[in-house]
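First subunit A sits with subunit B, and in the next complex the same chain sits with subunit C.
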Partner chain A sequence: MHHVVVERWSRRSSPLHARDARAKLGALLAFLVAISTTPPQAARAFVAYSALLAVAIVSARLPFQGLLGRAALVLPLSATFAAVTWWSGDPARAIALAVKSFISGLAALLLVATTPLTQLLNALESLGVPRPLILVVQFLYRYLFVISEQAQHMRLAARCRQGLGLDRRSRFYAAAGALGVLFARSWERADGIYRAMLARGFSGRFSPLAPARFGARDFAFLCAAVAASTAIRLAL
Partner chain B sequence: MHIPDGFLSPAVWATLDLVSVPAVGLLARKAQRDLEDRKIPLLGVMGAFVFAAQMINFPVGPGTTGHLVGGTLLAVTLGPAAAAVVMTAILAIQAFVFQDGGIVVLGANVFNMAIASVLAGYLPYRLWAGSGWRSAAIFAGGVLSVLTSACLALAQLLISGVPMPRRLMLVSLGLFLVSGLIEGAVTLAAVRAIERLNPVWIRSPKDSGSRVLGAVAIAAVTLVAGGVLIASAAPDGIWSLVGKLGLTAQTAPWLHAPLADYQVNGLESAWLRKATAGLFGLVLVYVACFLTGKFIARQRSI
Partner chain C sequence: MSPVIQVRGLRYRYPDGTQALDGVDFHLDAGECVALFGANGSGKTTFVLHLNGLLDGEGSVEVCGMPVTKDTFVKVRAKVGIVFQDSDEQLFMPTVLEDVAFGPVNLGLSPQKAAERACAALEKVGAAGAIHKAPYHLSSGEKRRVALAGVLVMNPDVLVLDEPTTSLDPPGQRDLVKLLRGLPQAKLLVTHDVEFARALATRAVFFERGRVAGEGTVNEIVQRFSWSRALDE
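Up next, the complex of A and B:
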């Protein structure tokens, strides 16, 4: 599946991978806020943001094309809105809209591609996001692929059985039935997971293999990223 | 519709982040009070179910298919607070892992699709489930949930200054209405299928409200969603109305958001003020997050 690529990227090693997730999260936020507050006419600022991002991508040692391709997923939507904006007579704003959404998406992708999701969630928790929400996200991600595959199997089975050419109404109700079965299986799976967790003495948190440490290098990285974003925003 | 980064103006997303963070915190606490310990894995797995359910195609017209969005179905099975938490988790995964929706605008997306949409989708069920209009309530919930989130997203884009010609707006509203009707039909069919397997999975509200009250409440939600959209499409009209009523003097400081219009002018304007406003907004968001987290941690019983 598509997403697995990002997860594989996140387990590589590079100077950017080695930084603490909190530092990377702070750097991303500063970068995104700087982009978001940049006025549309500031073309030089957007060039500088792209250059900054390119430096980060190079230091992450990730495939350039692959990253750009994934980040381009946002383009159909933003190109549509940009076209409408252009058409209503504001070309500068139209270009800024497309550029802003692409650079922002690429920056967010770079964070996920250099940080395993567990580390990212632990960082979010240590920054104050409520634990129940973090736990729900963790379970969701863990079982996303399991249940998606179950749904794919069910869809394949339904296709195999539909050689008889049902009419639309019956196909609609067949799909509803499949949804009900998927719901029931998911619910029962959740019950099973909870029993297994109890049996293993789950304490309410997933403990990381290595405790995250916010070192001097992380601090330096965070300061550099915030300073660079702010400088571009204010000077150009 | 997942809004990407770069579409909303800073004032809009900062405000919605500020609204969403405490709201999600409160809903998470409420969900935890309603449900037992057992439900944390359940909420995660049901989020995965909603993701997976999008692979099941429902034939709705010649050559077209629709799929479940899920807010109303989750609200009817898990309760509205838990459903909002699950939808928030889904949006977070979509933003971070699938690049579907932005990071700084996550608060806006959560507000539209996890909070407002789920609550609007649950409202008819809460009011009509006890009466004979149960099926109609589930259908109306699906329609309302999609329409509410669509109207809010469009309004936020308009307030942020993304231009939208009237004709395009009508076309997109029409499309959203159609997808709302599909969501209503799919939700109703899914609830019936689930009920046949095990009726316990569908919650039933304790007291039954009156039909009239329900109709009034639903009309109110529709009016508010539509009103927000119209107000943001024609702010000049609102302002002239305000001027006619002679309210300008009193209301101006209220209507100006504290961090508003610091992006309007070009490079020449006071950059220090903007930087301070941006930084102040970030600090506010962070403090709100942190306090909610502490508040919830104190109440937690895991």
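Up next, the complex of A and C:
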């Protein structure tokens, strides 16, 4: 499961992991603004953005291959738009579109892979994101584990009873039925989890065990990241 | 001595029309350990969910002299700790430490104090080694222990355990009995495990179709309702 691996990464320790989530969010925002406003012809700028990310990945002590593979998940979507742009006669813009989306995805993934979700959501809340939205993300993330576990159990049970195998049509019907059952079960399970949370005094807020502190190093990191992104955008 | 839990005429109907509780009267004294027996669907779990306001039926429920109402939910939930039947429903934070500290933080403790208490609770249930693990990486037995720690850490006056021996191996069950014997809280055990109940409970209550059908010692109830696992009768 991708989210399990990424969550495990987010709990490692490195200079980048140690930075306050707000500083990392600010750095990501500056990076995304810079890359999204870079002209398609500025190939050297894209190389520089990639180098900047490579430095960040090295300082985060995360595996390059794993990160690149996961960031590539955005490619099917962006490749569709890039293909349409290519056919409309603008290959440079098409390539830039795919490159920008991949680098942006990698940068966002790097943030998630170096920041535990609770810290990230608390940072977003402190930056003014509405609480209901934060809660929806938090619950969605928690329930992903629940749903994927249920799905794995059902898949195993289905395989045990598959016997000599089903034709494609029967397999489709079985999968559709399983999806319906999965939805109902997930609903029940989610209800149970919420009840268990209420039983332990949950009142609508997840409080982190280690409250965030925005220190001088975080400020320096934010300034350096913003300066680097701006410099690449303006100079190359 | 006034009971820590006093329930009078409790009725509850699920939205689909099923009458789950049909006039339950019950009391639990301080320090007492009571086993709740009954067939699946007899209303045991529905009943315990009323004890800290997770369900709201007709009748009255009092915890330590406080009526369970919306205004008292916070205090009541600090006094009644429920260990749910399915540990996966109880463990939802990214790490064991954060999960066990979830309750104390909600009660208003500082993060540092909550973490200290969480460590102590994990030590008490023998799960200190799992402190930095993710809950979904634990075995069923470990999940049970951590779920119990998540409730003990709130230092409740009443401990409600719903099918506590589920997914525990025999040594795990023995450890749980030993642990529960050492706890001063009043305990309510919802269980099908007669041996477990015999080891801990001084009184048993039998639920049938949403009502209390009988009350007595564990042996009396087992005999009266033929509530044993003898498979060759």
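In this text, the second predicted complex is superposed on the first by the 182 of 236 C-alpha atoms of A that agree within 3 Å, B and C clash if a C-alpha of one lies under 4 Å from a C-alpha of the other, contacts with A are read in each partner's own complex, and residues count from 1 in each chain.
By our rule, a residue touches a chain if its C-beta (ideal position, glycine included) is under 8 Å from a C-beta of that chain, and two chains touch if they have at least 3 such contacts.
For clarity, every value in this text was computed on a predicted model and none was experimentally measured.
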Subunit B versus subunit C as contact partner of A:178, first or second or both or neither: first
Which superposed partner A:186 touches (first subunit B, second subunit C, both, neither): first
Touched partner set for A:84, first subunit B, second subunit C, both or neither: first
Partner chain(s) touched by A:142 [first = subunit B, second = subunit C, both, neither]: both
Subunit B versus subunit C as contact partner of A:168, first or second or both or neither: first
Which of subunit B and subunit C A:120 touches, first, second, both or neither: first
Which of subunit B and subunit C A:199 touches, first, second, both or neither: second
Which of subunit B and subunit C A:210 touches, first, second, both or neither: second
Chain touching more of subunit A, residue-wise (subunit B, subunit C): B
Contact residues common to both interfaces of subunit A (with subunit B and with subunit C): 117, 142, 146, 189, 193, 197
Residue ranges of subunit A touching subunit C (in the complex, touch as defined): 4, 7-8, 11, 116-118, 142, 145-146, 149, 189, 192-193, 195-203, 207-211
Interface residues, subunit C side, partner subunit A - complex: 49, 52, 54, 74, 77-78, 81-82, 84, 86, 88-90, 92-95, 97-98, 101-103, 105-107, 111, 114-115, 132, 134, 136, 150-151, 154
Sites on subunit B touched by subunit A in the complex: 4-10, 13, 24-25, 28-29, 31-32, 37-38, 40-49, 51-53, 55-60, 68, 77, 85-86, 88-90, 92-93, 95-100, 102-104, 157, 161-165, 168, 185-186, 189-190, 192-194, 196-198, 201, 262-263, 265-267, 271, 274-275, 278, 282, 286, 289-294, 296-297, 300, 302
Subunit A residues touching subunit B - in the complex, by the definition given at the top: 3, 6, 28-29, 32-33, 35-37, 39, 41-42, 70-71, 73-74, 77-78, 81, 84-85, 87-88, 90, 93, 96-97, 99-105, 108-109, 111-112, 117, 120, 127-133, 135-144, 146-148, 150-152, 154-155, 168, 171-173, 175-184, 186-187, 189-191, 193-194, 197, 204, 230, 233-234
